[in-house]
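There are structures below to look over.
There are two complexes below, and they share chain A, which is joined by chain B in the first and by chain C in the second.
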Partner chain A sequence: MRSGKPCQDEVRVCAVADSVVAAVADGHGTSKHADVGARLAVQVALTSLVRFAEDLGECASDLTQVRKCAEHPLRMHIVREWKAQVRAKAGDDESPLSDYGSTLIVALATPDFLLVGQLGDGDVLLVAKDGKPEVLLPADPAVFADETSSLCLPEAEYSLRMRALRAPVGETLLVLSTDGYSKSYPTDAAFRQIGPDYLNLIRKNGVSALNLRGFLEQTTAQGAGDDIGLALIYWPPSTSQTVAGSSTISSENSPQNEPNRTSMERPAEMESDESSSGNLEATSNNWIVRWIRDALCRVVGTVKAKAILK
Partner chain B sequence: MRKPELLKITDGTRITANSLLGQGGQGEVWKATDGGEAVAVKIYHRNTSTVEQKAVLERLVEKGSPAPHFLWPMAMVKDIQSERYGYIMALREPNFRGVEDFMARRIHPSMRALLTAGRKLADGFLRLHSHGLCYRDISFTNVFFDPKTGDIRICDNDNVDITGAETGSVMGTQRFMAPEVVRREQAPSADTDLYSLAVLLFFLLYGGHPLDGQLEANIRCLDVPAYERLYGSNPLYIWDTKDDSNRPVPGIHDNPIAFRDMYPGFLADLFRRSFTDGLRYPPRRVRESEWRKALASAINSIWRCGCGAENFYEPAVAAPAGGKRCWSCKKPLVLPPRIKIDDEIILLNRTTRLFGYHVGQARDDDTPIAEVVQNSQVRNLFGLRNLTTEAWTLTKSDGSVVDVSPGRAASILNDNRINFGLKTGEVWA
Partner chain C sequence: MEQEESMEHKLPGGPIANRPLHFIFIADCSSSMAGRKIQALNQAIREAIPHMREVAHGNPNAEVLVRAIKFSSGAQWHVSQPTAVDEFEWTDLSANGMTSMGRALSLVTDDALKTPPMPERALPPVLVLISDGQPTDNFNEGLEALMAEPWGKKAVRLAIAIGDADNNVLQRFIGHAEIQPLQADNAEDLVNYIRWASTAVLQAASAPASQTSAAPAGVNVPLPPPPAPDLADANDVW
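Our next item is the complex of A and B:
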């Protein structure tokens, strides 16, 4: 917000084994510790999603089972764990959760499926090679004007709407963003165009040339003046191209316009346990390049922008 | 996504696919037009278009819907381009909302609506089971209800199969699966449907899962074996009468705690039987007809307070000194007039309506046969308006007999007797 408060949006991504996970959260402007709530939300989400991918085992190829397991126990676990961590942080079981209220958007990409989840406002766009942006989760009827569903509400797990799809085939881009992004555009249709626009930019210049932070600061300054959190997951066009371009992508893995505060971390809970994190790859810049089963490559980027004070 | 080009397999009629409604693991569902009528069409993915699935669907189409609540496969279709098959079903109306909407507090149905939804679910599954079929996957995702009326729609009927058939691949949704199915000892059947139905009813009335208590709260990570123990090998009701180690935990399972003493004892007893004896011994599970009767009785006993809160009247339970108080405003409740039909006592609140099942009619639709109305001249005089097309007979307390024509109301006065045709009700006021 243009209020001088700390940035209340949080974004993180990580890659473990052959999965990539991303989380975006938007702490409520009216909550005293919204930045803490949002940070805990993405931490809990990433840790839970990584474990979920590991636990699925053979079920990963059965989309119906993935959806069912995402609805229970995954989403219940995310919400309950967030509440437990907030209470631990507050040091008081009676402390109101609403002081830490936050939305949450998550994505888990594996070779078998793409799982997305959303609690509260924000946007999840998928852009396939035809360039048409698809809104993956229908609007939450509880989101109206500035009201939104929140992690801090009772039975919040049932407001975390999940959707499982087959893993994208061909060039695809997934965009997760907090509502500060869409509110900066006059219409939903104008906002959704960011999906194809980002895809075109990646096609033209490569992923590392994206100056995400610059885009976002400009967008919010000219738009809603709200913080923005953004995460991208990119599936390159084809196996052969991907393989051929692998070193190039890897070598480009140091963006020229790196955000001054990176959001790229492994889940906090895993930092002390190298063995359980497998071959988790985390970098200090804002891009991750992962090879998956020697065939598919996913590039993930995140950035957040604090609204410019005016 | 490419729109399918749909043909009805039986007669080659063209069906127009209009918009994609959703897609999942089995296939995609399109909003479509069949001869000017809006319908839904499910088309299977190539890998789920099995010969077995097609045979199941053809059998379901041939059998026809067991009850109006089911969005049943009406006709087989195929996509001309891909040769994938699918089926036509009725389109779910927008006023029908998911149980998840209720759990997420996006809708706020009355207790009457929730109990009505439960009664209709029991009735629907009774009819399904009496056709020798089982549903296999009763859960949140397949059931929708109208939060105003409690009318229901049951979707995804392509998983329905003959009880005892082991060809189906659908085992259910873990939290709704009977323990013996979770343990992989049994395939889904009408008996295991009964367990799933009881879980769904528990969610509707208590806002939680009947086995989610302290043991579930102890599971702090995504521990698959722990959930298998909880729902499969070592299930324990949160209000088990002999073992209190799985009581609901304040702060986590607040809904069941809040609603524990809300409902009439006969309803709580059925849940207790479902999740104690019925957990381990399927023949002890509560039958659909038992649920239907108990839920209808609970609806009849809704005792509406002046503040709007719904309480329950139990004549067999002695009221505490000072009379029963409203659970919401805590004020003493004032008993409204009642009508006794056979052994059922129906409280005549201002919002009470009677349906066919109250008066012995077999029909089960959403059209009430009677409603409580207020006399426009005498404000404290209420009547029961005849909403049918046949006259009733009213025998007054003085012995005089008058007809109550359709649209007219019978006065709700003590000792009046109303003959509805098949049954007679006695008014207590």
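Our next item is the complex of A and C:
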């Protein structure tokens, strides 16, 4: 593990009602409490996104309204709440915010829309059925090499780039990852190929067969040697299909269905620990592959890998 | 069928690669370097190479690529291709002419530090400027060109002064008050400083920590302390 430090990437996903939220954060290596900053970033983001989805109510179907509310107040709230929580956590030690610096990438998937946001480096890819990976957010000019925009900077809320689009129709995969993943590839094109490759693996073997941890550990060992955080959200071609980890999902033979917007039957463990925005602390940090049965989309999994220095 | 099976074992994405780390010597070959100084410089770099290789082997996530520029009356690449440290061999420099330091900075900027060819995913390059004199050309123009490039600003810029070099110019090249030019008053100092730059600094640059874009320029790679001057050889000056 590089420098003997804890993994400074943080990843969480949770499902609330008919929505899925995911957040990925990368604490800066130069920040003393980067792991804490990243953890708080993810907690704040999940709580804020869940509340955002609840508060939208009927406006959720109005994409213009969603975009407006994402610009303000959502992104303001996420950044200011993170700063408030960092200050509360720091208590009397008067640590500057920069001791907790972190990036943040978020996604909120509802039956009506997909909202993504990014502050700092990392990647957000959307892969539709045709397999072409689309970069959802414009590049941040402040990101260069190992330098990045950060939650800890003044007016960081204006660096949180948001984008809302209609909920994907048909088979789709959303990839959120910290910069340790893309820096392990020699070119952008080589990295973006992970999108269609993950989609193909899911089609062929099902999500439960994905060895995400193995992939990431091998990638960072052979690549950049940095921590990697990854979250995947998968929309199957037909939500009426059997949810089975080993089944092959063939998009070629599947009808182009609208996502199922009926209420979902949630696995028991999710009812207990992720059903409310007030109890997000309980979401797992560990690698998880969980199903949301008959839901809008499936949380494929999240994983983080510590950088290993041989 | 074979293709399907191989897909299961293949990592998602294209081929994986470690991050390139460009290490560039920028060596003064003006007339004043002739004799012991240029011999010592050649010897110091030659001795440093095996140590650089050791450091590179210990950092598999960095691909160390070495090049060298020489400047006298004009500037040119002495080793033009980024060369894997395992394959890097040193051909002796000779000294003759003026001190076109500004031109050397323009050359390294134009040929090595633009994006492309240097990708954004690269590790911060290490530039080691070695000189014993004062620039005889437009140093400011070269420095401005260097600092106008993001990789120029992000580079770890070190300077070794051989004898009575213009420390003010070298300090401006470094661009950070906390890092001083290293004063090599004898051959032993020069060996030690070049080895330090080629090993300890190389090691630090191989694993930089991420930081905010508001961090002060020049401190992106915290540097280990340089070796102390060799006082035993204090009388053995150039």
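Keep in mind that, in the parts below, the second predicted complex is superposed on the first by the 247 of 310 C-alpha atoms of A that agree within 3 Å, B and C clash if a C-alpha of one lies under 4 Å from a C-alpha of the other, contacts with A are read in each partner's own complex, and residues count from 1 in each chain.
The rule is short, and it goes like this: a contact is a pair of C-beta atoms (placed from the backbone, for glycine too) under 8 Å apart; a residue touches a chain by one contact, two chains touch by 3 or more.
Computed from a predicted model, the values in this text were never measured in an experiment.
Asks: Please determine, from the superposition on chain A, whether chain B and chain C clash or fit.
Replies: Fit.
Asks: Between chain B (first) and chain C (second), which, if any, makes contact with A:52: first, second, both or neither?
Replies: first
Asks: Is A:149 touching the first partner chain B, the second partner chain C, both, or neither of them?
Replies: In the superposition, A:149 touches chain B and chain C alike.
Asks: Is A:74 in contact with chain B, with chain C, with both, or with neither (first, second, both, neither)?
Replies: The answer is first: A:74 touches chain B but not chain C.
Asks: Looking at the overlay, what does A:167 touch: chain B (first), chain C (second), both, or neither?
Replies: neither
Asks: Where does A:215 make contact in the superposed view: on chain B (first), on chain C (second), on both, or on neither?
Replies: Touch status of A:215: second partner only.
Asks: Is A:158 touching anything from chain B or chain C once the two structures are fitted on A? First, second, both or neither.
Replies: first
Asks: Of the two partner chains, chain B (first) and chain C (second), which one does A:17 touch, if any: first, second, both, or neither?
Replies: neither
Asks: Which partner, chain B or chain C, is in contact with more residues of chain A?
Replies: In the superposed model, C touches more residues of chain A.
Asks: Hey, in the superposed model, what angle do you get at chain A between chain B and chain C, Cα centres, nearest 10 degrees?
Replies: In the superposed model, the angle at chain A is 80 degrees.
Asks: When the two structures are overlaid on chain A, which partner does A:64 contact: first (chain B), second (chain C), both, or neither?
Replies: In the superposition, A:64 touches chain B alone.
Asks: Quick one: smallest Cα-Cα gap between chain B and chain C in the superposed arrangement, Å?
Replies: 10
Asks: Where on chain A do the contacts with chain B and the contacts with chain C coincide?
Replies: Residues 142, 149, 153, which sit in both footprints.
Asks: Within the complex, which stretch of chain A touches chain C?
Replies: 2-3, 26, 28-31, 98, 101, 121, 142-150, 152-153, 179, 182-187, 189-194, 197-198, 200-201, 204-205, 215, 218-219, 221-226, 309-310
Asks: What residues on chain A touch chain B, complex-wise?
Replies: Residue list for chain A touching chain B: 48, 51-52, 55, 62-69, 71-74, 77, 80-81, 84, 93, 141-142, 149, 153-155, 158-159, 164-165.
Asks: In their complex, what parts of chain B are in touch with chain A?
Replies: 23-26, 100-101, 103-106, 140-141, 173-175, 207, 219-222, 224, 227, 251-252, 254-255
Asks: In the complex formed with chain A, which residues of chain C make contact?
Replies: Of all residues in chain C, those touching chain A are 4, 7-8, 10-19, 59-62, 119-124, 150-151, 154, 207-215, 220.
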